[in-house]
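First chain A sits with chain B, and in the next complex the same chain sits with chain C.
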Partner chain A sequence: MLENFVLEKDHLLPLLRKLGRQYRLVAPVRNRHGDTLFTEIHDLDRVEIDLEHQPQSSLKPFFFPQVEVLSMYGLDHDTSSGATWYSFYPQLPENRPTVYFGVRSCDMMAVMYTDMIFLQSSEYDVYYARHRENAIFITIGCNQPFSNCFCNATRSGPFLEHGFDIQLTDIGDRFFVETGRARGVQLRRQWAYFFRDATEDDRRAQFQAALEARGLFNRLVHVDLVTRILARQEEPEAIFAELSARCQDCGGCAYICPTCTCFTIHDQALDEDRGERLRTWDACTFSGFTRMAGGHNPVDPDRQRVRKRFLHKLLHDVEHHGRTSCMGCGRCVDMCFGGVDILRFIEMVSENETEHEETP
Partner chain B sequence: MTNSINEIEQAQVILVSGSNTTRTHPQVARRFYRAVDRGAKLIVIDPRRTRLARHAHIHLRIRPGTDIALLNGMMRSIIDENLIDDLFIQMRTENYTTMRDMLFGIDLAQAAAITGVPEKTIRRAARIYAQAQRSVICYCLGVTQHIAGTGNVQSYANLAMLTGHVEQEFTGVDPLRGQNNVQGACDMGALPGVLPGYQSVFDDAVREKFARVWGVELPATPGLTLLDMTHEAGGGATGLPQAAPAIRALYVTGENPLLSEPSLNGVKKAFHQYDFLVVSDIFLSETARVADVVFPAASFAEKTGTITSSERRVQLMRKAIEPVGDSRPDDWIVMELARRMGHAMDYTSPAEVMEEICMVTPIYGGMYHDRLDREWGVQWPCGGRNMEGTQYLHKYSFARGRGRFEPAAHVEPAEVPDSDYPFALITGRFYFQYHTGTMTRRTPILERESGQPLLEMHPDDGRRLGLRPGSVVTVASRRGRSRFVVELTDRVAPGNLFTSFHFAEAPVNELTIDASDPVARCPEYKVCAVRLEEVEPC
Partner chain C sequence: MILDPSRYVAPGMAGPQGSKPVRGNIYLPVPAQVREVHRENDLVTTFVLEFDDPLVNQEFSFEPGQFMMVSMPHCGEAPISFSSPPGRGGGFALTVRRAGRLTSAMHRLRPGDTIGVRGPYGRPFPMTELAGSSLLFVAGGIGLAPLRSVIDFCLDHRSDYGEITLLYGCRTPADICFADDLERWSRAGVRCLCTVDEADDSWSGRVGLVTELLQDVQVEADSWRALVCGPGIMIHFVLSRLLEMGLPRDHLFTTLERHMKCGVGICGHCFLEEKLICREGPVFSLAELDDTRNL
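Take a look at the complex of A and B:
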């Protein structure tokens, strides 16, 4: 059973200060240009931790960086025989115990999804694993969902039932604290004097906040209906074509998406004899993602560019993992300037269905 | 742009010419889409069937270089159907009778024959444009990069004035500018005949003002255009009115003329004649390679300054990281160079440079860094610190007083296809590469998306010549040759070819012509005659 505590808001910063000595601290920070981004904090007194706005970035870049050196390579040669060959020297990222503070439910769920992609025994990714080890997550429930949020429809928020180490709920002048996984329990015990046991009133306040939050979503999004429609294996080809024609081919949706994990690998020469082997984020909407060596592309970019993206999130992952890999964070809605984000797709498919039902 | 970019969403008719907007200005294209969603009509004038053209209600697929004939046809049709804005013409314009008399001599059948667009379609487009309350014209290099570029632009202005589609919100004439700061570069006097803020070098008072601030005498004659500088070292490039003095030294900054200028053979000759070449760039470009001295410049992320967008919005860009290695911000390079040449330029920050700009440039009068830092930029003209920017131009009256109709007559491109060189080659841009690729060609994922010098050809032409996608062909013009990889697509019309100048291994500017507009001296990149020579089937 989850244990419940209370942390006074006044004591949050002192707690983070303690944690910051022992761990690297990452939290949503509002910079002077008005952007809120997950940022590594070096000096708590010089940054503004922002729990009011949705962080524009997810945690993905911390575990799966946009560009990462996989190995160095260099030309080696044997002076006696004159033979030359390339040797590769893997570069494992450093492994720093980190507390991720202020993580929203959708982003926590996304980390659990990417764990599944990168850490399944058959495809264990040592680079991801190094970043991911020794990570502690202090999440915060969303009392007030943001304008494009629909995590209620994707069942990934606004509050978590599992997956977190510690989950906070804002109940006025204090946070309601739930400890989840072992590291959270241990962390709470280590700094026990910051927390007091929750009373029945606190529990009621938390319950009330969580209940109210569910009623505060701006958008009514029929994710379940659309996954059912897609599961019938009748592809909405006309919708794919319409959205593909408008896709501006920027890859922004995949880059901002907390669950998009596709990457490509290439070598970057540093000089004539040496270089780095890098992996970089990739996106299935790019033509080069599927184009073959002879120039043929099995995906028609004009009509099918966005097909893989939406089917992967809303059909294939449901088949493979039992849930959508869209976590309802709504970031792609802000990012997409072609107006072909996943919300638009879900709306079009569900409207299409309703129209069909209405016509006899 | 006379309008702001956001205004486009409210337009009822959008006339786009010579712009592959979804590829080159995606942030503008999104407004087109949104306007169309709201019921706006989209008219596209382009020899190519771009994605936008497919989306358009009317695609006027003209023969390259026939804008004037088309527009005169449209205007004639507007007069015939009495869709002109009499009141606007009377109150705000001049020289209308000359314009009208010229249009009365226009024959629509002939316009259709020249442009290849059916008469009925010309009439329909004209009617849709003229009848709406809020029609906006957006044009790009497909209009300007012709020997008749000035006439083309004037014709769009004529069309807008004839129908009163200017001087108001949501309706106007909007050239879409290219690089993030090409507008700013022009604003700051990177044009031969003007000082910052489009103040003429011929004006004694203007020169005196700058002389007092800069402490030097300023020449009363315009400088040379890029085309004149890079072709035969000022020794009489084609069409130059009078031979300029031979150039002995050239200082190139952020430009790669050995790939980007037309008719590259001539450019190479000119570069051989310089005694001294300095290039300032962030990478060793094709031009930097042959320089006597290279200044390693800092990238956009390593310096602070402003950029001015198409909608005249001056925005502050802040330094994100320190300059890498030995690179230096442009202002440091220029100031240090000036100091060592014996003229101290003593500014402690880009903000101080901007203060001087505000002082001497009326349209930038209020663009102080501390103000720009607080706002999402300010649109010029903005005369002072406490003044608002300007959302759209020419409110109540044109900058010059009355808008002047400048009738233009059709001019054939300098070189049209013939039996020796049967194809018309159009040059432009690909989505994933930027200009000469100094930056983008060093980016692996962009290279994967678009790493080949593709030559777009109509499938009928491909079939006739036995070509398949991926075939390698040598294309020759009267000036040079280059090798490309064939892409068969109906984006181009039969008889037309399209490619880009991004690729150093396939320099298309070996082929292009250095004929240029006599006023703007903008070369005719958009059309030259070529033939296919060697073909290697894949």
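Take a look at the complex of A and C:
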């Protein structure tokens, strides 16, 4: 059973200070440009933790950096035989115990999804594992969803039932505190003096906030309808073609998306005999993503370049894992200047369907 | 070198298909040394490789149809199928067509050089399920490489398989690979029929597409299985023709090619609809493929 507590708002900073001494602390910080980004905090008194705006970035780069060195390689030449000796030296990332504070439900769900991709496939990704191993998540439910949010339709928010270590709900002058996974329970116990037990009033206030939030979504997005339409295997070819034509091949949607995990592996020479093997984010919308030596490309970039991204999230992952891998965070909506976002796609497919139903 | 020894993890080889690999580093290539280099033709070369570590050599096993991710200095990695059969000791063979950066660099390798490899990866041909059947192999160009591993495996276990027929098509006589093997197989009782799209003065054999060779073979739906590998378009036409000839979909096997980076089902490149070729394939039965038009 979840245990419930209360953290007074003026206890938050002292708690974070304590945590900051023992852990690396990462939270949404509003910078001087007005951007809210998950940032490593070195000095709590010199940054503004921002729980008012949706963080523009997700946690993805902390576990799966945009560029990561997998290994170094070197060549040694045997001058007598002329043969070349080629060896690899892995570069594993540091494993730093970290508290991620102020994580939204959609982003927490996204971490659970990427865990499945990197850790639970038949192969185990040690790089991701290193980043991920000692992470503690303090999430915050969204009393007021943001303008592009549709996590209600993807069942990944605005509040969580599980997955968090600690979930906070803003109930006025205090946070309602739920402890979830073991690390959250331990953390709450370790700093028990910051918390008090929740009363019936606190519980009622939390229930009220969570209930009201569900009615505050700006957008009505028919995710379930669209997953059903796609499952019928009727290809919305014209919609793919229209959206593909507007895609400018920038990869922004995939980079900003907390659940897009495609990458490429390539070498960066440092000099003639040494180099780095790198892993870098990639995007299935790039025309080079599937192009093979000789030029054959099984995906037609003109008509299909966005197809895999949408089908992966709304059809293939439903088949493989039983749920969409779009978490409804809405980030790709603001990202794309061509309007080629998943919301647009969902709207086009569902409108298409209703039009069909209306024509006798 | 910019090295931190405390971060060093011993290279872990991936386990056989289906088994949970040791939690080593799946991205870390291990060195393998080039023992022999055989030029098949101007564009294609076969390399016989062995691991530097004799213990790894002894432990290493693979199955026909699987592949390795090959590293070359400054060139990243590329998937290459085994072209030799497992179980013979003495390393393994990869046959490589010069197609781009990495494969061109491989063509400059000499005996004694090292390359990086990791694997084996992918679902192999179902050799146990195929036992008891007669086998029709249809290959185009370099597509014979993975099938060579199967044919030699069958010859090593001759009594397990029935008749063996190979239909082999190349663009020109100069594109033919494994000429010595074709002779060796014929001597061993494999019926080998070859054709080229465009003949030259050196060629006295058949001219035409490999699908035309299918007119010369009789296959029983019950007792025959067909294994097809080559360019996507060739696979499509051969499989369609074999279906017309009455072979059921689950008797037809092919191995597919896609742009590939990790080889272990994470990087996302090698998708075919909902499947990832590296993990669910590269070998598929036609019963598992809805549509072969866009291979």
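To be clear about the criterion, the second predicted complex is superposed on the first by the 353 of 360 C-alpha atoms of A that agree within 3 Å, B and C clash if a C-alpha of one lies under 4 Å from a C-alpha of the other, contacts with A are read in each partner's own complex, and residues count from 1 in each chain.
The definition used in the following text is that contacts are C-beta pairs under 8 Å (C-beta built on N, C-alpha and C of every residue); 3 or more make two chains touch, one makes a residue touch a chain.
Remember, it's a predicted structure, so these values are computed and weren't measured experimentally.
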Chain C versus chain B on the shared chain A, clash or fit after superposition: fit
Partner chain(s) touched by A:81 [first = chain B, second = chain C, both, neither]: second
Touched partner set for A:184, first chain B, second chain C, both or neither: neither
Partner chain(s) touched by A:125 [first = chain B, second = chain C, both, neither]: second
Partner chain in contact with A:282 - chain B first, chain C second, else both or neither: both
Partner chain(s) touched by A:157 [first = chain B, second = chain C, both, neither]: neither
Superposition-derived comparison: chain B or chain C, residues of chain A touched: C
Which of chain B and chain C A:55 touches, first, second, both or neither: neither
Touched partner set for A:315, first chain B, second chain C, both or neither: second
Touching partner for A:264 - first (chain B), second (chain C), both, neither: both
Inter-chain angle, chain B to chain C through the CA centre of chain A, in degrees rounded to a multiple of 10: 80
Contacts of A:294 with chain B and chain C, given as first, second, both or neither: both
Superposition-derived minimum Cα distance between chain C and chain B (Å): 11
Shared contact residues on chain A - chain B and chain C: 264, 266, 282, 294
Complex interface listing, chain B residues touching chain A: 22, 26-27, 29-30, 33-34, 51, 54-55, 318, 431, 444-445, 448-449, 469-470, 538
Chain B partner contacts - residues on chain A that touch it in the complex: 33, 245-246, 248-250, 264, 266, 268, 278, 280, 282, 286-288, 294-295, 302, 337-339
Residues of chain C defined as touching chain A within the complex: 1-4, 7-9, 11, 14, 18, 20-21, 23-31, 71, 73-77, 99-100, 103, 110-116, 232, 257-259, 261-262, 264-269, 271-274, 279, 294-295
Complex interface listing, chain A residues touching chain C: 70-75, 78, 81-92, 117-118, 121-127, 261-267, 269, 274-275, 277, 279, 282, 284, 289-294, 296, 298, 308, 311-312, 315-316, 319-320
